[in-house]
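First subunit A sits with subunit B, and in the next complex the same chain sits with subunit C.
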Partner chain A sequence: MSRVVTLKINGQDVSGREDETILQVARENGIDIPVLCYLEGLSAVGACRLCLVEVTGVSRLLPSCVTRVSEGMEVNTESERLQRYRRMIVELLFSEGNHICSVCVSNGHCELQNMAIKLRLDHIGMPYRFPVRQVDASHARYGLDPNRCILCTRCVRVCDEIEGAHTWDIMGRGINSQLISDMHTPWGESETCTSCGKCVQVCPTGALFVKGKSVAEMTKRPDFLPYLAMMRNRKNGS
Partner chain B sequence: MSKKKIATIWMDGCSGCHMSFLDLDHRLLDLADLIEIVHSPIVDHKEFPPDVDVTLVEGAVSSDEDYEKIVKVRARTKILVAMGDCAVSANVPAMRNRFTPKALQEAVYLAPNMARPQLPHEAVPTLLPRVRPVHEVVKVDVFVPGCPPSNDTLFYVLSELIHGRMPDLSNKTRFGA
Partner chain C sequence: MNLEDLHTIAQQHHEADSKLEHILYVCTGTACQSSRSEDVLKAIQAELKARGLEKKCAARPGGCQGLCARGPLANLDHGKRIYQHLTPEDASAVVDSFESEPPERIQLDKQLPFFTRQVRVATQGGGLIDPTDLESYIAAGGYTALLDSLMHKTPAEVLQEVVKSGLRGRGGGGYPTGLKWSTVAKAVQTPKYVIVNGDEGDPGAFMDRAVMEDYPFRVLEGMTLAAYAVGASQGYIYVRAEYPLAVKRLQNAIKQAQKQNLLGSNIGGTPFSFNVEIRLGAGAFVCGEETALIASIEGGRGVPRPRPPYPAESGLWGKPTLINNVETIANVVAIVQRGGDWFASIGTEKSKGTKVFALSGRINNTGLIEVPMGITLREVIFEIGGGIPSGKKFKAVQTGGPSGGCIPEQYLDMPVDYESLTRVGSIMGSGGMIVMDETSCMVDVAKYFMEFSMAESCGKCVPCRVGTAQMYDLLCKISEGRATLDDLALLESLCDMVKHTSLCGLGQSAPNPVISTLRFFRDEYLAHILDKRCPAGVCQMKPEVMEVHS
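Entry: the complex of A and B
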């Protein structure tokens, strides 16, 4: 049985179990911390860095999705510095890929687009890279457009942790990182993919989509996830 | 109060932002006492005047003509507004950035289904290697995302600027709106 600890988030007294993360305790107390890679029901990886927070006494910023709470901790989630860094992260995501909202299947339902609105971005300060990336339309029912991929790895994790297929993975490093299926072979030829579509539903952007959807028609439904994760934990006796 | 001098220019875009601007409809008449449209694709005035208060820019910077135009317009404008996603982010025109201008022109003009396949050789501006959003070429003062920004959004922006205020566009428009 884990201990209960008390701490302060944005000056507000809150309490949580010591095995919980700052993000979990913040959410339980109605405090919003922006995220893109985190999704309830999947393991947390701290990839997007949007959930960075300040902790008094710690000089560097900590990703709240993978940082546990502790007794007496003082957390700040909304400083001017954090806002600036969050805007910078989202600008980098936009400039790194080819995110053309106006013609995207997820226009109006996209977590990246919504994040830009939330952070009040009206343009992207970093020069656009305009990378050349090929669409994979080989799967019968789904498509992958890596131009819209932000490498959050939700698809990798849901496929591995929930479906148990581990079709997706990330290849390469740094700016050359890319999402691949199986051994970098066409998705439609995958021997592991069960065509369950969970990856499509958890994808925050239009990178993974259901074929036949036109502009702004692709709405995602990741709400199945906490239930599946809970049932799995129950089965495993944890 | 003297009338504010307003201009609009059209570079690499679909003219949808200008359509949205025209959609101001009767509100254009309301504004008529306050503004004078001194240069625009929708008025007959060839030269861009030297002292414009506000210029609305539709489209990305795509050709040598666009480049010369935007540099000149910037120098002659007090407040430069990037109107719509093409001006703000290069948007759909930037989809050609994965090809060289040569490969692009050959694919379009020398396509086998053309009646007389030939590359354009006069009266057509030379394409720049890459399409760029306006702010990567000249300083932009106001960004109005949207594809196109709604007529309400454009009316709000224009009204604020005419009255000497900077518009606050949060929650009014977005990329792809």
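Entry: the complex of A and C
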């Protein structure tokens, strides 16, 4: 059994189990830390860097989604510096792809868009890169528009960890990274895809969508995940 | 094979050598090979045979002798004479000169500071050990440290020597090696692994390549000592596939060591067993980061993961894993052989021992050197390195590759150690030193390294993936005279953000070349931005193309 520890988040006294992360404890106590790659029920990868927090006595910023709580820890999730970095990260994401909300199926239900609003981002301070990316509409029921992909890898993880198909993965390196199905074959020709649609539901933007949805019609429901994860844990006896 | 056998082999080797009148070692490192040193060696061997001297004189393949700029090099009778710029056609002149003076053209002054100022620990032997022959290594004292430790010392005693030596990681970070070892030794899970990181990838760095090529047995012996100290049973050497000669020599060394029972089961007749395998990297710079390297060995994409847990606790296949750089491991042999106190007596208070540096760029003596820590940059560049060619003026020296910075003239008298380099905004890094003179543009240098970091970013975390690309675009804009002061401000805030928010060392250090050149050469940036002019005359100005609508 893990020990129970007490710590401070933004000056508020909270308690948590030693095997819990800062993010989990913060959420239990109603403290919101912004995330894009993290999704409850999937493994945490610490890739979006939005959930970085300051911990007293540690010179580096720590990703709260993978950092465990410890006794006497003092966490700050809301400093001016963190907010500045978060805004820049979201700006980088907007500049990287082709995010045109007005014509996007996820307009109004998009986690990237909501994040921008939450961080009060009113313009993008760096040049757009305008990459040329092909839409994959080869699947019968779903579509992939990589212009809206932020490479959070939620789809990769849900497909691998929950569905067990591992249809999705990332190809290439650095700024040329891209999401691919199977060995870079069109999604519709994928031999591993079970068409379960979990990837579509966990995708934070309009990159993965259900065909036939028009602008702003694509609402996503990733809430099945915590239940699935919980049932699995129960089945595995942990 | 036990200690006595080692002595017998060494003795026989020395006896055989003493019967020879002359021994010539021809460098067969990558640099000299590229200027036909293997043909030179063959020609000299043929010449000896033709003159019926092959019983009296020997010409052997050796390791890197350091002064790559003058290669192919050869060394006669352990430093009696050093030859330079050899060609196969020089074979008869070389053999003639065994007894008399050689022509000036191929003679190299052995009293050059380049040779006299070096202190060799990791590269002990100075290229005068045949890298393909185990006996040659044993004759030079090889494997006594290992067999002596296995028979007479406990793992804790071996570990204690390394702790006492104060050795710090030579791959760049400078983490105390003894501490790393003791953490792995303390871990309870088994099996444990030892990984040697030979994924050297910075532009202008070739230290680890030389150590693996020239002293493959030393790498194996050091690894085995490490495995004994921490209780590991399996080792991996991760080498980039771009180092074919290093791979070949390591494979050969593993085979020979296994044959002589210096690797494998019950090493030297003791209960200790340890196996080593080579893993090839596909040349991704990020795989030098330990968690990415582990992912690559496991067969996955070479992508780092957040630490903790550190590899010492959960590394390869989730087991406790010791990862050391090639040069670090090569130092271990001498430390165990001669004691931690001896090693600690070299160098400065916080940076012990010696460091191998690869000198390149605008410097006369391009090549590989090993010097004690605490030596000044001026000594390295102007004495050992022989200064700047064609009378040009020194401008800066770049250390640490794409993770390091440029150090200007005012710090030339600074001692070379981990702390001092960090203080001036650079890092020790793995040991590349690129010297630049007045014809180098610092914006162009920063752009070059940022292009490297952008291309080598794995793409996992947002700041590094997109941040390096944005910074590169901004640097292009500046170097082409299209930028404004707002662009410079954006560049600086991106540097700060990428440095503090990236996931692994690659991203965290990618802005360093920009930060350090901005710190010392801000006027050059401003000249590009405000005057649309490159002071060094390197950058081509491309002022904004005006669009004309008719």
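Throughout what follows, the second predicted complex is superposed on the first by the 238 of 238 C-alpha atoms of A that agree within 3 Å, B and C clash if a C-alpha of one lies under 4 Å from a C-alpha of the other, contacts with A are read in each partner's own complex, and residues count from 1 in each chain.
Basically, a contact is a pair of C-beta atoms (placed from the backbone, for glycine too) under 8 Å apart; a residue touches a chain by one contact, two chains touch by 3 or more.
For clarity, every value in this text was computed on a predicted model and none was experimentally measured.
Have a look at subunit B and subunit C on subunit A after the superposition and call it: clash or fit.
Superposition result for subunit B and subunit C: fit.
Of the two partner chains, subunit B (first) and subunit C (second), which one does A:Gly72 touch, if any: first, second, both, or neither?
A:Gly72 contacts neither subunit B nor subunit C.
Under the stated touch criterion, which partner chain does A:Pro186 make contact with: subunit B (first), subunit C (second), both, or neither?
Once the two structures are laid over each other on A, A:Pro186 reaches no partner at all.
Tell me the contact category for A:Gly212 with respect to subunit B and subunit C: first, second, both or neither.
After superposition on chain A, A:Gly212 lies in contact with neither partner.
In the overlay, answer first, second, both or neither for which of subunit B and subunit C A:Val103 touches.
The first partner, subunit B, only.
Is the number of subunit A residues in contact higher for subunit B or for subunit C?
The partner with more contacted residues on subunit A is C.
Which partner does A:Gly174 reach: the first (subunit B), the second (subunit C), both, or neither?
The answer is second: A:Gly174 touches subunit C but not subunit B.
What is the contact status of A:Leu52 with respect to subunit B (first) and subunit C (second): first, second, both, or neither?
A:Leu52 contacts subunit C only, not subunit B.
Report, please, how wide the angle is at the C-alpha centre of subunit A between subunit B and subunit C, in steps of 10 degrees.
The vertex angle at subunit A equals 100 degrees.
Does subunit B (first) or subunit C (second) touch A:Pro226, or do both, or does neither?
A:Pro226: touches no partner chain.
Identify the partner contact of A:Pro127: answer first if only subunit B is touched, second if only subunit C is, both if each is, neither if none is.
both
Subunit B to subunit C: minimum CA distance in the overlay, Å?
For subunit B and subunit C in the superposition, the minimum C-alpha gap reads 5 Å.
From the superposed pair, tell me which subunit A residues show up as contacts to subunit B and also as contacts to subunit C.
127
Note which residues of subunit A are touching subunit C in the complex, please.
45-49, 52, 60-61, 63, 66, 84-85, 88-89, 92-93, 95-96, 125-127, 129, 150-151, 170, 172-177
State the interface residues of subunit C toward subunit A in the complex, per the touch definition above.
284, 301, 305-306, 454-470, 473, 490, 493-494, 497, 500-503
For the complex, which residues does subunit A have touching subunit B?
94, 98-104, 107-108, 113, 116-117, 120, 122-124, 127-128, 130, 132
Quick check: in the complex, which residue numbers of subunit B touch subunit A?
Of all residues in subunit B, those touching subunit A are 82, 85, 88-92, 94-95, 97-98, 130, 132-133, 135-136, 140, 143-145, 147, 169-171, 174-176.
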